[in-house]
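I have a structure here, written as structure tokens, and I will follow up with some questions on it.
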Amino acid sequence: MSWLEQSIMARKGVAGGKAGQTHSITEAEQGKYHYVYSAFSEPVLRVDPGAVIVAETHDAFEGAIQNETDKPSEILNFPYLNPQNGPIYINGAQKGDCLAVYIHSVVPRGPQPRGTTVIMPEFGGLVPTADTALLTAPLPEKVRKLNVDKDEGIVWNDRITLPYEPFIGTIGTAPEIEAISSLVPDYYGGNMDLPDVAPGAVVYLPVNTEGAYLFLGDCHAAQGDGELCGVAVEHPTVTTVQVDLIKGWTIRSPRLENDTFYMTVGSSRPMEDAARGAYRELIRWLAADFGFDEIDAYMLLTQCGRIRLGNMVDPKYTLGASILKSIAGSPR
Amino acid sequence: MSWLEQSIMARKGVAGGKAGQTHSITEAEQGKYHYVYSAFSEPVLRVDPGAVIVAETHDAFEGAIQNETDKPSEILNFPYLNPQNGPIYINGAQKGDCLAVYIHSVVPRGPQPRGTTVIMPEFGGLVPTADTALLTAPLPEKVRKLNVDKDEGIVWNDRITLPYEPFIGTIGTAPEIEAISSLVPDYYGGNMDLPDVAPGAVVYLPVNTEGAYLFLGDCHAAQGDGELCGVAVEHPTVTTVQVDLIKGWTIRSPRLENDTFYMTVGSSRPMEDAARGAYRELIRWLAADFGFDEIDAYMLLTQCGRIRLGNMVDPKYTLGASILKSIAGSPR
Amino acid sequence: MSWLEQSIMARKGVAGGKAGQTHSITEAEQGKYHYVYSAFSEPVLRVDPGAVIVAETHDAFEGAIQNETDKPSEILNFPYLNPQNGPIYINGAQKGDCLAVYIHSVVPRGPQPRGTTVIMPEFGGLVPTADTALLTAPLPEKVRKLNVDKDEGIVWNDRITLPYEPFIGTIGTAPEIEAISSLVPDYYGGNMDLPDVAPGAVVYLPVNTEGAYLFLGDCHAAQGDGELCGVAVEHPTVTTVQVDLIKGWTIRSPRLENDTFYMTVGSSRPMEDAARGAYRELIRWLAADFGFDEIDAYMLLTQCGRIRLGNMVDPKYTLGASILKSIAGSPR
Amino acid sequence: MSWLEQSIMARKGVAGGKAGQTHSITEAEQGKYHYVYSAFSEPVLRVDPGAVIVAETHDAFEGAIQNETDKPSEILNFPYLNPQNGPIYINGAQKGDCLAVYIHSVVPRGPQPRGTTVIMPEFGGLVPTADTALLTAPLPEKVRKLNVDKDEGIVWNDRITLPYEPFIGTIGTAPEIEAISSLVPDYYGGNMDLPDVAPGAVVYLPVNTEGAYLFLGDCHAAQGDGELCGVAVEHPTVTTVQVDLIKGWTIRSPRLENDTFYMTVGSSRPMEDAARGAYRELIRWLAADFGFDEIDAYMLLTQCGRIRLGNMVDPKYTLGASILKSIAGSPR
């Protein structure tokens, strides 16, 4: 029996973690992609828990950067960046519920070179930005176009080929009353850029408003911890996810489960606040559902907690805090 | 001749800094107050540059905290906090323009005790919060109701009376595509909680979308630097402002001018990033409009720049960086 | 009667705030200047409480930058920077006591142009540094030599003359077991770069080890909030201070009193932590000595606390939090 | 052939990475342990490159916490914490060289229960501290004593046993002129609390002063990322290291090599600055020694860099940034 059948999604989901009807969102069906997370937009789909959704995602630049001679600062039109599929309205979802999203697969699409990474002004972890506003001149802009193949990986140069390790960079639900740029990660998910949001994982998202309004996009073919220059290997994909709904499970921020660990996600600035947020939620989860005393969980995570840095470049930094299932035991 | 007649607003505004027609926004005229800054909302007024607007503002709790025995955590309904008047559509305003707002007056209204300050869980500068997420128990909730009088000040206790030094805590324009909580300060203004946004000052705001969509509210009867516990002396007011429009003056974030200084405003986390943002904009302003070499401005501000801490409690911290007019000279 | 006669120093000091014997520390008497704060060094003076000390301080570069064509990166020899006078051993001082330092005067000395400010690589508030380590190229180095006169001020250029507003940039006691670079500010004082440490103020410093070991240097002729480029108008001076000793008054970090306010000083990173540290100490002081309830002090400072940014460039940032004496009342 | 024979230590070290004479530092031979990193202390050993040193380390509390009923705040005597073995003088080491330390083994010693973890006031990642100074009351103090066995692991409770994964929490060289608390991590190493500083790894440390003055101590039996409550499973050990000297290899901060990756270490606040520092050094290393263009290395690490969080509790936070050897290739 797969771990998935014992997942929280399977045990508590309205659909019991079982796949239901399949829906597609092709580029044509999506039509206009979205640049904010909000319930102001008309849903592109309305689905029941259990629905499987096959979405054609764009890369973060909506395919606008085609050549290594392109200048991102001339081509890109802020804030119309990081286009998102959706919103997907989940029938029955209400504020205070939890939306489970099991990631089936992320598969590259489109003509080669499909992969794009760039250096652009005022963006990145080791340059002055709009937030860390300094006087020194920006680095020269640079575009790398890369062949990305599911099996053969990502060809960096003659010597280096990186494995294809795709994940969903941006995924989340709508805030209750806000419409927030898809460049931002926060309590509802969004632009977390966390490599664990990968095929084989279940992401748990807070439902903030009726219908949940799921958005997703910004798939990465590979990414190091922190997404250092701000732009992973961006690529268009066919991404397949399955949704389920856990009624009455109110979580403050995204959580994740895969075959080996439970994770909580924190997004904030400075980075220590993202770490604090993630770890506090993990402690509260261990206390609420796994039978730990809160202080004991605090001391235990001191010895075995794991941190994954998602991004150190977005308007909020994102970290995941996790504990092995073998240590945490089973949630009630 | 008053400094105002030589202000940037007077010299560059479409209305020449001259007062035009007066409009009122009473509570009844406002109807539903707003909790996000966005262009999704229907304007309550459409005015020409020069318009004078007399607005009945609510306090940050929309008057819900009436007694010192009230428990904020039970009464307040997050995210429906910090109600804003507006939006006010400014005819002719387009993305890339600057909206000038001259603050005529802020006058307390309503029955005594009109002033409210509270300690509530997970909010404040010296307690764990949603961002600085710690395990220690919150402070006990506490409400102070205070008599606030324009002339007699704010009675803290038998010995201490604070002067009435009102200002507008939250003011700004709509983002281009987002709808952001009125609890947040950012490049468009918002919940800056900066005491210099006071009667006698002109605030300059970026116009991000057609019509500008001006919002304002959250007036404070007094506030120390940082708004330490998160809640100044909140009070309902009649606030009078005059708007003007500077075509083609594109600014990245709010600026301010009064009789003695020019100020730029930065909102970010950590706090040093707010300071960097404010100072960099001031340097760029000095270089663009006052004839300074950028490096010379950097060195000069090292010797005479002034920092005012607005808030150290909101989702972003706000600081103002300023230079005396006597040193800066006159802008072109 | 001057406020000084009612100061904490006067009311609690072993010498009653009264001036005793005068000692000098000329350049020759100092001999070797110091680059660390520690009790490892042999005292240059041993004095009783009440002693007045007249010290010839060097500028932060020990006078090595003489011309505007000098290249700081070639001349300066890190970590041999920010030379300090002292240590001065205060007879009777023991761990847990408080050393009071009343600043009589800071007077410029040496040939014109006496003032120096520079831009150097990897240092400053708006450039990449060793801490905020980025990839962008540094700004070009630049030296400004400035005429500094007690009465005529600081001539910046034909149009701008800044007033002479001197203060002691670096002052403090030795840590108990450490020897810390004079470039660092912390709980014992050090490189705070806080303009309120000026003639007319009394600085209160924790005594961490027998004899206190007072150091001082790095006087600034003028400085804006934050010391933005990292180098104020540095200049050599004759600085006169008077010391007193408050037995058994144990403070965690520097405090300051002048004719109008009481201040606590916080040094940390990120900047909000410096603000938290300063404000918490001020609350604790108000609770311990002024009869305030701690929560009431927290709420009151929300309405009237004042923040002065010292530096945003040193290894720790320094802020002072203050309350007007007219509001605080008198300490017991 | 082992990777070690191809390590930088083996290829560039004065001793060619070969083990020389063995020296012991028993508790008796050490005598007084040290609480600062400095060259002010008399070396306990003087050794040649190649020397193998077998040191009896104390736990971070010098064995003072014996029972679960002990109160750390009463027993511990700040700043006399985190006792260090050493200093070890390396013959021939001069400022600008690099000290290589190959960690042979860390073996627990002393009677059971040997392991100690505690919650104490004002220390830890999820509580107010001296730096993040808040008003909320501390958590109750708590001591856990744990059986620690090399083979049987660490018995947390009836259900949970953690593997014994020991490493050296604090290791480094003396600063040039400072004496810095062994609680602090920085460019010279110190209290990094980085789990990769483990048996099988070579740590590279900057030599700041003649003789290098190597200190080490504070071994952990296990630790999660961030050392969340501030106290890992502390335990006394016999720790065996081998030193070598790389003449003229000047590094700014610690580096590390093991069989699979190259790592750089950053220690700073806020946490993003630690990450920036670590990643910038890794880029510079790749550019200097591995034939990468600096911008290409920046873009590549965006796709494959790895971050390990050491501590989020010490006066500076520590992170390691690494790249797989299979990607980086061989250094020249």
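Order of writing sets the chain letters: A, B, C and D. Residues in each chain are counted from 1.
Definition applied: a contact is a pair of C-beta atoms (placed from the backbone, for glycine too) under 8 Å apart; a residue touches a chain by one contact, two chains touch by 3 or more.
Just so you know, these numbers come straight off a predicted model, no measurement behind them.
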item	value
Duplicate of the A-B contact set - from A-D, C-D or B-D, the pair where over half of the pairs recur	C-D
Farthest-lying chain, centroid of Cα atoms versus that of chain A	C
Homomeric contact chain A-chain D: same or different residue positions, threshold half	same
Centre-of-Cα separation between chain C and chain A, whole angstrom	48
For chain B paired with chain C, centre-to-centre distance based on mean C-alpha positions, whole Å	34
Multi-chain contact residues (two or more partners), chain A	126, 132-135, 139, 269-270, 276, 279-280, 283, 295, 298
Complex interface listing, chain A residues touching chain B	35-36, 38, 40, 79-80, 130-135, 176-181, 187, 252, 266, 268-270, 273, 276-277, 279-281, 283, 294-295, 298
Residue numbers on chain B that touch chain D, as the complex places them	126-128, 132-139, 270
Touching residues on chain B, where the partner in the complex is chain C	117, 119, 124-126, 139-140, 142, 144, 154, 156, 159-160, 162, 222-233, 269-272, 275-276, 279-280, 283, 295, 298-307, 309, 312, 317, 327, 329
